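Chain IDs A, B, C and D follow the sequence of writing; residue 1 opens each chain.
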Amino acid sequence: MILKLLRQATPYWFLLPGLFILGTLLSVPLYKVIEYSLYDNVIIEPDPTFVGLQNYADMLGDSGYWSALFNTAVFTIGSVVGHLLVGTILAMLVNADIHPKARTVFRSLLILPWIFTAVVVALNWQLLLNPFGVVNYALQSIGLVSEPLDWLGDPDLAMWSLLIISTWRGYPFIMVSFLSGLQSIPSELYEAADIDGANFFHKFWHVTVPQLKPVIYGVALLDLIWTFQLFPLVWLTTGGGPGRSTEVLSTLTYRLAFVDFEFSRASTAAVTILGISAIFTMLYLINESRNRT
Amino acid sequence: MSGQISRVVVSPKKPWLREATRVRITRVSLYLALILAVVVITFPVLWMLSVSFKPTTDTFSLPPQLIPENFQLDGYIKVLQNETFRTFIINSYLIGLAVTFLSLIIGTLAAFAFSRYRFFGDQAAKLFVIATQMVPTITLLIPFFGVIVWLRLYDTHLGLIVTYLTFGLPYAIIMMNAYLNTIPKDFDEAAIIDGCSPFRVLFSVLLPMATPGLISTAVYTFLLSWNEFLFALALTRSTEMRTVPVGISMLVGEFGLKWDEMMAFSVIGSVPVLLLFMFVQRYVVSGLSAGGVKG
Amino acid sequence: MSNIAIRNLVKRYGAIQVLHGIDIDMQPGQFTVLVGPSGCGKSTTLRMIAGLESVSSGEIIIGDRVVNDLRPKDRGIAMVFQNYALYPAKTVYQNMAFSLKLARVPADEIDKRVRDVADILELHELLERKPGALSGGQRQRVAMGRAIVRNPEVFLFDEPLSNLDAKLRGQMRAEIKLLHQRLKNTIVYVTHDQVEAMTLADQIVVMRGGVIEQQGTPDEIFHDPANEFVAGFMGSPPMNIADAVVDKGGIRMGESVLACQIPSGVAEGDSLRFGMRPDDIHLCDGSVVPGVRSRVIVDLVEQLGTEKLVHFKLDGVPVIGKADGRAVIQAGDSVEMAFDTEQAFFFNPDNGGRIR
Amino acid sequence: MKPKMKGLVASVLLALGSSQAHAATQIEWLQWFAAEQNADFYDTIVEEFEAANPDITVKLVTQPFGKVRESIVTNRAIGVGSDVLGLNMPWTSEFLDMKILEPLDEYLARDDKGFEVDRLVQAPIGKINGSTWMVPLNAFPFVMHVNRGLLQKAGFDKAPENWEELKSMAIAISALEDGTSGIGMPFSSQPPANGPILTFLPLLYTAGGRIVDGIEPDFDNPDVVKTLTFLQELNAAGALAPGAASRTGGVDLEEFIAGRTGFLISPAVHARAIVARNPELEYELVRVPVLNKEAYRVHGWELGMAADSKHKEEAWKFISFLMSGDVNGRMAAAASALPGNLDALGEDSGEDPIFTAQRNILENDESVEELRQAPKTVASWSVMTEEIQSMLAGDQTPQQAASRVQARWLELLN
């Protein structure tokens, strides 16, 4: 009987180290953030006042919040689609049957966007996209544009520029994850598809995607959650501007916390990010458990 | 026989190219696509390299120079001669490798539990793991900082290691869980019959098959700690404890930016990462490559 | 070598019960085959013996120990899987040596045993290869070798031949039988193929829906089935079974009446199920054939070589009979078939039970 | 020796030492100054101080400029704040609201300090809420840097002295060739998004305008509107470098150094970088062109003390040391700035026209610093940036921009 109980405890032992680390270090901060959102003047005052849901009411009445939410949706969906699209295509390409040395070189070169810290990425793109930068110079030389475009300063272009930068920066993560996933697909499936007369796209849709599904869902979920609150890249590239045209929830949160020193309102915004992310996650878990049974 | 089965008629169309030619064309177009992708994608990196090799004045010259006219190594010399920068690079690698190693072990253990066992609270545990990623780190910074100080880990390498562990673990768990799920349970059972403890099943039998998953997790966790700036700055105060991103940010001053040094520093710091990746990616090959099971 | 006893074994997954209390006895050295359609609980039973599934209630005894709470490695068993489950990263040698290494057997002993087994299975050429470089039959042999090196009390086989082609399957079947004669271990073998069951088993356990339908020697199972299910499941082509009504001096199906010995306990006018194996329905082609004759129109003839299967209808009911391989017969012929009703079986139409 | 080893050895020595002698008190100095210049110089200064005060050790905590403001707040909240703080004047009113700073009046009244209070640059020590909160480590006036080469090409032989001249010359320079512009206006939202205080405020002050009345925002006044209108005219006339809405202060400086803009309004400290990095530039430093008042915005690096410091005496000793004539002079020189302690200002030999020009401005013009009292300063200049972007994009008039800034600034205060 004791043996049996011990054996039933097995999975908990395996989980213990991970949950212990996450639990000790993050459960208090997570709780604190939620608590802060119910108070006024936290951090800056020793005795903050409890205000209940007032911060939430204020935030929901703030048009700045809603426009940030809208921008976040655009940025997140655009980025995740970009990451998935470019990441998948490149994962397929570098997984193709080419010379192994060439494959190593291609794979390594294609993760380059990932290995530089966000400050450098942001500053470098500012140089590239500057009105006198090399991108405008190239576009003018080949006659695509007549006047230099202010990629990061024109409200109509800034979000698109940001999406390009975000895609550039984020696809290697997807590529590397999928590259690993692709290895678990038995080659027989492709052979069978070949015999059935499938072309490249058929094979992609009917073999690769279904087989990769567990990896795709997990990775896409995390990418979604991270992009949803992606901060350094946006903040360091456009700072939410021009105006507030690229202001997303994470930059709004930062602005509230460290520009305005309104930690309560920042926490409130953060909790809404938590809530929305939790919905994505629930959907993922429901889908996962449905697939399992 | 009652009904008539309609036959799929495959028209014996004559292939317009010989098979060998077709294969060659596919291969060439594959290479062309890859080269095109690499050129487009690495262009910004080339520009960084270019900036690192020229005086800052030329960075802003018109027309832009991709190939430096006044080629110089000043940035590199300054960075290499700077003892502090070397400390930053060593710290970054130490912390990155420690985080990678620990995430792989701890993350894989948890992933194994999620992948191979149904137990009370498994969905809740998974939700918690992912939930830790849902709050913007900026807002977590202050309370997290408090916890680190309380644990007496402020201004230590260990403090940064556990910090990045908390950021990296969820991906490690999710990725390894998904990867382990692709390995048939027959292997576990065979190993159990062979006398493996669950621990042994995981480490001797499943992990060798999961190398690709391990590598993408390793790459992710390493780069996470390699690139992180916010906590690296907040949780350390001594120069000896700091990492490359903090060092780079120091070059962004109140009154200007040391472009050549910054780019040189980024390049120097990143070259070993690239070599490391080149080395490990050879193992991103099919772990299940035929033979383990008959599908 | 151990006996295995299973006592009132029950398996539940939540509210769903998949094994409803089964009892099996296996003698030391006996070759027992669990057979039945998919979902009958045979694999679950095997996996419970192996310790891969927990026991909901009941007992499993190997030797003289109740093994319910023992870990698989402590049960003195070895198992061969349907998918072989060879460790792809290890060589054949390492695959076979793995369990011994885990049991801390000294290295020279391991080497000796692996090489001995490799000799038995003719694997020595392949020892340094990885599973990816083996053919299907070779993988199957390595999987068996991995089990044999452990020299277990009990071998468990989970549909080991189902992934092989027909020819290889026949060959491996013989190898397993020879191996058993040589090693004399107790074997529990799960299959859905009744030919494997008949050829390999000392004892067959026929299962359906989580209960045992019949347990006995192949002869008993084939010639004295306990019920309609067992009768229908064992034998190829399957037994012809149809609804019938007891008539004077025989049974009546539709308009046709077959004279036969009516079992005691049924009265004229009772409904029952009437069954005859194709082997007992034979073409009348001049030679002396026992049985009641009936003229039928042939629907289809299947040439098997030494014999032919003759498909026809008896008052609308499809029936399979047999003819000699050299008999001249084709679809559309009107022929006389002889029904050896001495060999007929009668079943209760309500519960399928045998009426003797 | 590797730095790590050095640290280890040092801490072992420290441990040995402390077991024998009495433990030295450690104070921390959080600043960004050491990141701006050669960090070794700051180590030397600290070593000098420790040699003179063996019972005190100073730990330099260096952060990039962009992070210091939030670190001061964060560290204080966690209870790991530093004792001596490097300060930027615009942060003052926020820090006072949070009670981060220690009033310095009592310390300044003592006799044992190494400097005279009335010889300090006065703006930073002006009282707020009845106290002095910081002392000036150094000071730099905002000036205009001029590319004389471009100016001559455009047909002018002297730098602009008033707005009209600035405008016509900037237009002429922009018209010269592709890629040259009259003047840059760095109004990027990218942090710190402080373009308005770099360029707009210095111009406003020469019109005699202000943006704060006492401690209240006062942005929608006629002087502000006049100055905004001037920016809009420059923009409409094509005198501005393109891409103002994405132009950062850094790019503004670099393009000037690269010889692509005629004028740059920025702190005088940039002079050294400009001359050093592009010696071929025909460079001149002048006062910001004047509308009707010769005034300049003064900026600098300040020092303050944390209210929750446990070692205030030691901290003050260190501040006093940094402010003393000799040390202060060397520190100012290292930062290419003017010293906060005017006793450290050497004689003008007249050999360096850049220095002479700065000194001239410092001595003759009115210095203005109003960001110390301005409430929610950092958030307010983000608002200014956004509204000026919108004005330059043609979406609103200068009057509308001024009113919007005023309204949003007041909103921030609630």
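Just so it is clear, a residue touches a chain if its C-beta (ideal position, glycine included) is under 8 Å from a C-beta of that chain, and two chains touch if they have at least 3 such contacts.
Note that the coordinates shown come from a computational prediction; the quantities given were computed from them, not determined experimentally.
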Pair of chains joined by the greatest number of C-beta pairs in contact: A-B
Chain separated most widely from chain D, comparing mean CA positions: C
Computed distance of Cα centres, chain C from chain A, in Å: 55
Intercentroid distance (Cα basis), chain D paired with chain A, Å: 36
Where chain A and chain B are represented by their mean Cα positions, the distance between them in whole Å: 14
Rounded Å distance between chain C and chain D, as computed from the means of their C-alpha atoms: 90
Sequence positions of chain C contacting 2 or more other chains: none
Touching two or more other chains - residue numbers and ranges from chain B: 59-60, 62, 142, 146, 249, 252, 257, 287-290, 295
For chain D, residues contacting two or more additional chains: 77, 179, 251, 255, 260
Touching residues on chain B, where the partner in the complex is chain D: 55-62, 83-84, 86-87, 90, 141-142, 145-146, 149, 154, 233-234, 237-240, 246, 249-257, 259
Interface residues, chain A side, partner chain D - complex: 43-44, 122, 126, 129-132, 148, 150-155, 158, 235-244, 255, 258-261
For the chain D and chain A complex, residues of the former touching the latter: 69-70, 73, 77, 94, 97-98, 179, 188-191, 193, 241-248, 251, 255, 260, 376, 378-379, 382, 385-386, 389-390, 393, 412
Residues of chain A touching chain B in the complex: 8, 10-12, 14-15, 17-19, 21-26, 28-30, 32-33, 36, 43, 90, 93-94, 96, 98, 100, 102, 104-120, 123-125, 127-128, 132-134, 137, 168, 173, 176-177, 179-181, 183-184, 186-188, 211, 214-215, 217-219, 221-222, 225-226, 229, 231-232, 249-250, 253-254, 257-258, 263, 266-267, 269-271, 273-274, 277-278, 281-282, 284-285, 289
Parts of chain C lying in touch with chain B, wherever the complex brings them together: 47, 50-52, 71-73, 77-79, 81-90, 98-99, 102-103, 130-134, 136, 139, 146, 150, 156, 163
